[in-house]
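Let me give you the structure first, and then I'll get to my questions.
To keep things simple, chains are lettered A, B, C and D as they appear, and every chain counts its residues starting from 1.
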Amino acid sequence: MTSPKYTNALIVGAGEGVSASLARLLTKERLRVSLAARDTGKLTSLCGETGARAFSCDATDAAQVERLFADVERDHGAPDVVVYNASARTRGPFIDLVAADVERSLHVTAFGAFLVAQQAVARMLPKHHGALLFTGASASVKGYAQSAPFAMGKFALRGLAQSLARELSPQGIHVAHFVIDGGIRNPGRSEPPDKPDSMLDPDAIAASYWHVVQQPRSAWTWEVELRPWVERF
Amino acid sequence: MTSPKYTNALIVGAGEGVSASLARLLTKERLRVSLAARDTGKLTSLCGETGARAFSCDATDAAQVERLFADVERDHGAPDVVVYNASARTRGPFIDLVAADVERSLHVTAFGAFLVAQQAVARMLPKHHGALLFTGASASVKGYAQSAPFAMGKFALRGLAQSLARELSPQGIHVAHFVIDGGIRNPGRSEPPDKPDSMLDPDAIAASYWHVVQQPRSAWTWEVELRPWVERF
Amino acid sequence: MTSPKYTNALIVGAGEGVSASLARLLTKERLRVSLAARDTGKLTSLCGETGARAFSCDATDAAQVERLFADVERDHGAPDVVVYNASARTRGPFIDLVAADVERSLHVTAFGAFLVAQQAVARMLPKHHGALLFTGASASVKGYAQSAPFAMGKFALRGLAQSLARELSPQGIHVAHFVIDGGIRNPGRSEPPDKPDSMLDPDAIAASYWHVVQQPRSAWTWEVELRPWVERF
Amino acid sequence: MTSPKYTNALIVGAGEGVSASLARLLTKERLRVSLAARDTGKLTSLCGETGARAFSCDATDAAQVERLFADVERDHGAPDVVVYNASARTRGPFIDLVAADVERSLHVTAFGAFLVAQQAVARMLPKHHGALLFTGASASVKGYAQSAPFAMGKFALRGLAQSLARELSPQGIHVAHFVIDGGIRNPGRSEPPDKPDSMLDPDAIAASYWHVVQQPRSAWTWEVELRPWVERF
């Protein structure tokens, strides 16, 4: 049972939370890590801590995504683990939603994932080697009231991931989609003291991403749900 | 067991196939029918046959969708049955897909549905009365290889429909999503003679839409799958 | 678009509610109707009203099910519409459940459906004609806390129905499964006056069964969800 | 991020394949392991290799399951990791299935899981500590033609697992269901030489079970799909 060996990760939509935990875990596992965000200012301390390098990129812009991959490739080689973690949402009564916000939600949550995946796959396909990971949410599998735009974006992302899993698994590329079903604990958002572990620990999420990445190809997972023990589902 | 009485239908994304069958069935059931398409030229004969009126509209353009509803309303009153039937797809190996085509697929298949639904709901909500129908496909629930863009669009449409069903059913608006799982028979696309009824008859699809529209509110369906008897699933 | 013509229905697990509404609707549509229940005493008035004939049968007993079909066939010919409507449940904290009750729940809800379906299919297959309908519940697709036995039975029933749909549709037998997601209104169980139509009207459910039965084979539904407009889902 | 510490595992339905790999992995991780099967003869070599102890038990018999847990408890203490891995299937054209075989399939695949889970939970609940793992299959989520009995059993097992996950997660018991979607490699069933890793390596499956068991409670998985990279899905 040999596991794939990955050396070079790119996380798009990096900030606090899952992406920071992943950056820490992946550098600990000796992968080179690149982080991409529209605003890289917030990544300074994480880069200092982990040695990751930050790249500025609007993932909804094809030219910027192309440049991002070219830049990462020049510095580190082509990434063989690529995580799409960006999303945008807008909420409220359906008739009050603003069309431009809805369009943006679709673009950041799903269309950007297409752009990033395409650049990633173009580099993975010749080597029949690579892992593509997508961060989903409760909204990936359940369309909630007053949250149509997020459901649209996250459902679309899941459709992308499932289609890629069918197309690319037999090419040696591992595609996985994570349904994060609950709130994620982060520095600015802590759980009630009387409800311990009622929010997802981003380190625990990262550990599950890492497990999936290590799976040998005879037993790949394409979808994992993660939720706190006390979350209603 | 009283059923809702609808009087005024709008079908967006009208052409041959399901929309034409619906137009015929709805006019036979005495609803006024409006049809919207980018190119209304192809609707002339259907309008002649059914008395439906055609409107030119690019459903991905918020201003045009707004004007469409204003125009329909002025002529016929606000529609109380609105069908979103438009979609666009682009296929092929993932790395060969063209970003602009993928964006267009998302916009026509899902974002346009949002724009149309919002105009429709704004008029239905004050009356707590109306039906919103969405035409899905096999790709709504299964992301196929070499078809990521269509999966993205149709998954997103399903997320929209499910979210609206949760938000609007308790407001008296019936939201339904149809998974058309198979090829649709139409004048230019007939089935092999040795495989009778191996493609969906659009009149049969229309009959199921009409059944759902007639359901009394104590027993509403939000999703229906339809497939030919011989279709693998 | 020709619809199948059915003439002879058998409803197993008959009592009040869905089965009574179906019996009324089917006799109105001129089908001969047979009803089966362990205790036929409760069916007297329904039989008087509809002209249906009642048969005593424990659906979990293979010999009794065999005799039921032989009896129906002798009187009316082989049934071409067969509805499995029986179920049994036991609820409560998991560790308090009684094994014999759990076994019975599985047997009445799922194993009996197998026995009935097999007798039905043996008669339908030579003619490539027939409809097999299964009554599911919320528990068919969602395993609730404190209700493991019902989830087991109803999930199993759905697995049976899905397998039969795949195997028998291409043989001309229409298999459909109904997810009744909510409480069913019946003489002994009425809805709160301030929540009109918050329970499923069994006549409305029967109308959807009948619609599915009438679908032409080019556009068959294998699963329909039905829920009241105000039901959370 | 502290992970639960488990010390004592029981695998019901032990033989070759997943259970043997699990026994090896769990003993390597220093858990005491007990194995249960109807026929313990086949477990001799595995017990010799791992130090696991074998118990004879027909999992469909409530009294035998009760005794199994009492025996394990007396020797090793109450198990805090319990795996239900037993199943039985019967295949063929629906009308040729033998009722007794179908009943047995339901009993071994699902009812036995109930019996085992109930004994396990009775011991885990007071400590709010334990993991319950269920081995599913492709048939857990898809009812195939000519395989209704296995679909019934595996769907039922999934309903049980989902219900238990909802009921017991907030009590500190981790319930997980594994959809093994493909053939499992074992000594008697090897894959074609030109299709490497086209069957699931049971060691890889065991590694995913172990990952899930180690998840901290803030990010639990209740369901994991595993399939070979080249498996159609």
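The rule is simple: contacts are C-beta pairs under 8 Å (C-beta built on N, C-alpha and C of every residue); 3 or more make two chains touch, one makes a residue touch a chain.
As the structure is a computational prediction, the values presented were derived from the model and not from experiment.
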Most widely separated chain from chain B, with each centre as the mean of CA atoms: D
Intercentroid distance (Cα basis), chain B paired with chain A, Å: 32
Whole-Å gap between the CA centroids of chain A and chain C: 44
Junction residues of chain B, two or more chains touched: 165-166
Chain-to-chain touches, reported pairwise for every pair that qualifies: A-B, A-D, B-C, C-D
Residue ranges of chain D touching chain C (in the complex, touch as defined): 62, 93-95, 97, 99, 102-103, 106, 110-111, 114-115, 117-118, 121-122, 125, 139, 142-149, 151-168
Residue numbers on chain A that touch chain D, as the complex places them: 1, 165-166, 169-170, 172, 174, 185, 197-201, 203-205, 207-208, 211, 215-231, 233
